[in-house]
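Sending over a structure as structure tokens; questions will come in a sec.
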Amino acid sequence: MKKFVNDPKSFVPEMLEGVALANPDTLTYVPAYNLIMRTDAPRADKVSIVQGSGSGHEPAHVMAVGKGMLDAACPGDVFAAPPMDYVYETAKLLASDKGVLLLVNNYTGDRMAFDMGKEMAEADGVRCEILTINDDVAVQDSTWTVGRRGVAGNFFVIKAVGAASEQGADLDELLRIGNKVNDVTRTMGVALTACTPPAKGSPLFELGADEMEFGVGIHGEPGRERRALASADQIVDDLLGAVVPDLPYASGDRVALMVNGLGGTPISELYILFRHAHRRLAEQGITVGRSYVNEYCTSLDMAGASITLVRLDDEIEGLLEAPAEAAVRVF
Amino acid sequence: MSLTRTEWVVRTIAETAIENEKYFGDLDSVVGDGDFGYSLARGFEKLLDGWDDLDRSDTGTFLKRTGMVIASRIGGTSGPLWGTAFMRAGASGGDAVARLRAAIEGIKARGQSDVGDKTLLDALVPLTDRLESELGDGASAEQAMRAAAVAAREAADATSDMVAKRGRASYTGERSRGSVDAGATAVAVLAERISETWQKQGAAS
Amino acid sequence: MKKFVNDPKSFVPEMLEGVALANPDTLTYVPAYNLIMRTDAPRADKVSIVQGSGSGHEPAHVMAVGKGMLDAACPGDVFAAPPMDYVYETAKLLASDKGVLLLVNNYTGDRMAFDMGKEMAEADGVRCEILTINDDVAVQDSTWTVGRRGVAGNFFVIKAVGAASEQGADLDELLRIGNKVNDVTRTMGVALTACTPPAKGSPLFELGADEMEFGVGIHGEPGRERRALASADQIVDDLLGAVVPDLPYASGDRVALMVNGLGGTPISELYILFRHAHRRLAEQGITVGRSYVNEYCTSLDMAGASITLVRLDDEIEGLLEAPAEAAVRVF
Amino acid sequence: MSLTRTEWVVRTIAETAIENEKYFGDLDSVVGDGDFGYSLARGFEKLLDGWDDLDRSDTGTFLKRTGMVIASRIGGTSGPLWGTAFMRAGASGGDAVARLRAAIEGIKARGQSDVGDKTLLDALVPLTDRLESELGDGASAEQAMRAAAVAAREAADATSDMVAKRGRASYTGERSRGSVDAGATAVAVLAERISETWQKQGAAS
């Protein structure tokens, strides 16, 4: 296994301790609950925003804790939703007079943990609401599953409610905004290689040298189908071909365009995808108003990428433009 | 079932899950995300860490405490599901079959799932059915358990022909056919271990 | 080859076009010279800062063009220094009354291209100075080579001279600052896997499943030695064991600590390295004043990392703290 | 050397470098960074793109223009080195040997390198020495070129025993021993091609 790891069992806590050591002035680490929280949270005049999910998707979500983003993140082990206990304790620690907003990517494990944790926190008098994110268009027949998955589009929900909460929005308003952003956000991804979970020590699935997994999930779940490798431009056409008609995004729309790396793909390649996506959208009369090219929600060391579109209006664009700070900063 | 026997069964489940961490994880990575073995092993390790301090007032309380540790310390889908199962088993009272029925109902409710969805239910329900019919036919606990383990194994193997409708594997649709469900196979492995070691433990309980 | 690529020959121009499309308000792309420059450069009241080098090290340097950082970057092909012509034309386009500072990582090809380009630009009346960066302690016997290589430490030189130039520093002052930062900056890296240049289509070198390349260069050049894979903590100990005594950094020092990913390593693992480096330095009485954990100077898709230390004083820390903006932004 | 013959030699070098892109790149990736073949091929492609427009006033001018295109369009180390070599060859005047000597001095100056550093000089200098001695012994141009190509090949192969002291490969120190230098081998390949096709071209020049 070609990884920087000590004991795989301490992969998550060591990472979290690293995040805390790198941000001593802004972040607090509570080891008992895998909890990274802002040092200045909870604030009585601000709704606390929390997201948990499996680990292995960094910078989501522990490195997205900070001003204008999340107030806390309580991740589980690699690819495993946090235990309900972490959710419960986190909600209590973050309890604010204005309430706690729990962001949940739509997976069975995450939903169960947050439902149970919320119930327990409410029993203790903490006001909580759950906002479910489900932007992945790869999941088609949702009657058989828990429905569409939450993937890289969660960044936009976090950013929007994070900005609005700094501006004083209350819990109902944040639910409205978060749901509104989720409703106009669509994503689809592709894997060129499998990822290797540290505890497993070998690739999660087999992918031939000339194959790619089209519509892959961020836990390496197989997607729509396995396909022959194609050129960067062709892959963009196919991803947009799934994403654009889904909302649909139409001529005259102004969008945010995100090309998200899945962990093992260098940023140079992400810009090659971005270039073609931008051109294709322009041909369809869709204007890219805001651009995001980086890693936002990864799948460990998987080579691959996802494309997300968000239909912008003045409210959403204003919230996306607002300043933010988090551990994933570069400068 | 006596408290001593119950303690032994839970301990056997815990030790077997820890031993099979890699195997269970590999099963989950065929069409799932590979964390199942890790999640169970870490959770049951935590259970064993606090083993001596578990409230042993009676069998029901012991099972409930076990369930609470599991639910609060295992992540993924398995924490809530297995935790709920142990908690419901503890709360139900009655004999082993009654407790298993309660566990099954808990899993169904928590997971919004049923037999046929290609989950651990597809081994746990046949296991319980066989246990009940064997005991009804007058078999000894050991004989009934042996038959139940066989039923669990057959049912787990049969999940290979099913399409997953719940859990991470369900996203793969038709592609989930051709490999057994990790949760169901885990149930079979645990049942076999309990059955195989039942007699050794016999003297003590 | 598991890469997002169309024709390998258009890898660099397509990436650059993507960078420009994603930053329409701030960056201009001049295809003829692989040139990415600030739309507001050159400014008569500011020294223009330029860096070129081979491509494949992104975000260095094209994604580091922006306010408080570089004014322009003119990269060559993957792992190949830019042709002297690019340097010459770039210097002319960026010519400012206050002069042009050319940052050069210390490699034969880069030095020759910049020396020749500078001579030609000077013949046209453009005032230029070259500042050479050479932070890589892996190169030991420098009498046989062109000397130490410039690697991820170049970020700190860019950041410091970028900030100072915004504050009005003249060319001599920038040379002083840049050399001062370079003099207190040391880096060493390790590769867990080889990288795959797009035009080659296969890994640049062979590395066994249980091997790592200790002291690797950012072009995949072999480093000090091939070693058996080790734990994350052991690798940090070994890297710090080479870096710390080199300056040396000593008890009482305050430093910037950078853990830089080489392209294929997820940020989670970088934080595992950071954690241990921070603890080890603390044990040695060295205080981490500023932390940098991300990708800064990569080697395509290589799994690996480097550790950089910069000894801080008030002047350097002030410049590192100054605001900056570049395409590598996340929000 | 006539302008026609010179044009043909340069064109042969360009075409051979383009054909050998992959081979030269692979040689450079043993202990270097693998870009040598790509750099040369892209640069010589650019030369051929503008081939008809190159100033052909005389042999010297033609070589200088060739060098300027290469220096300004090939990146890496090879652009400045090969560009300088052609420019100096053009500027020097004299016969082919004199021009080659000027090219060698240009490379040494630009690269701060010398024979023995495991670079293209280690093939180019023996090639030039042999060319000079054969011509001095009264050999025909074709015979002399054939001998020079053999000398270049032997010298290129012998770089395998050397430790690189210049270029990217020098960072590997002792590890550079055991593989031939990419630049020196390229010189041998180019010389062999020129020698092999010299006669075919004979009628025209």
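For reference, chains read A, B, C and D in written order, and residue numbers begin at 1 within each chain.
Simple rule for what comes next: a contact is a pair of C-beta atoms (placed from the backbone, for glycine too) under 8 Å apart; a residue touches a chain by one contact, two chains touch by 3 or more.
Owing to the predicted nature of the structure, the values given are computational and were not obtained by experimental measurement.
Undergrad: So which chain is the furthest away from chain A, centre to centre on CA atoms?
TA: Between chain A and the rest, the longest centre separation is with D.
Undergrad: Would you mind pulling out the distance in Å between where the CA atoms of chain C average out and where those of chain D do?
TA: The mean C-alpha positions of chain C and chain D differ by 32 Å.
Undergrad: Can you compute the centre-to-centre distance for chain A and chain C, using the mean CA position of each chain? Integer Å is fine.
TA: Averaging C-alpha atoms per chain gives centres 29 Å apart.
Undergrad: Taking each chain's centre as its mean C-alpha position, how far apart are chain B and chain C in Å?
TA: Computed value for the inter-centroid distance: 54 Å.
Undergrad: What are the residues of chain A that contact at least two other chains?
TA: none
Undergrad: Hunt down the residues of chain B that sit against at least two other chains at once, touch-wise.
TA: Nothing qualifies.
Undergrad: Based on the touch definition given at the start, go ahead and assign the chain network to line, ring, star, complete or other.
TA: Shape of the chain contacts: a line, open at both ends.
Undergrad: So in the complex, which bits of chain D are touching chain C?
TA: Within the complex, chain D touches chain C at residues 25-26, 29-35, 38-39, 42, 71-81, 83, 110-112, 163, 165-173, 175.
Undergrad: Which stretch or stretches of chain A touch chain C in the complex?
TA: 2-6, 11, 14-19, 21-23, 55-56, 58-59, 63, 68, 159, 192-193, 209, 229, 231-233, 235, 263-276, 278-279, 288, 291-296, 298, 300-301, 303, 305, 323-324, 326-331
Undergrad: Show me the residue ranges of chain C that touch chain D in the complex, using the header's touch definition.
TA: For this pair, the touching residues of chain C are 9, 54, 76-86, 88, 107-109, 112-113, 116, 138-139, 141, 144-146, 149, 197, 199-200, 204-205, 217, 219-223.
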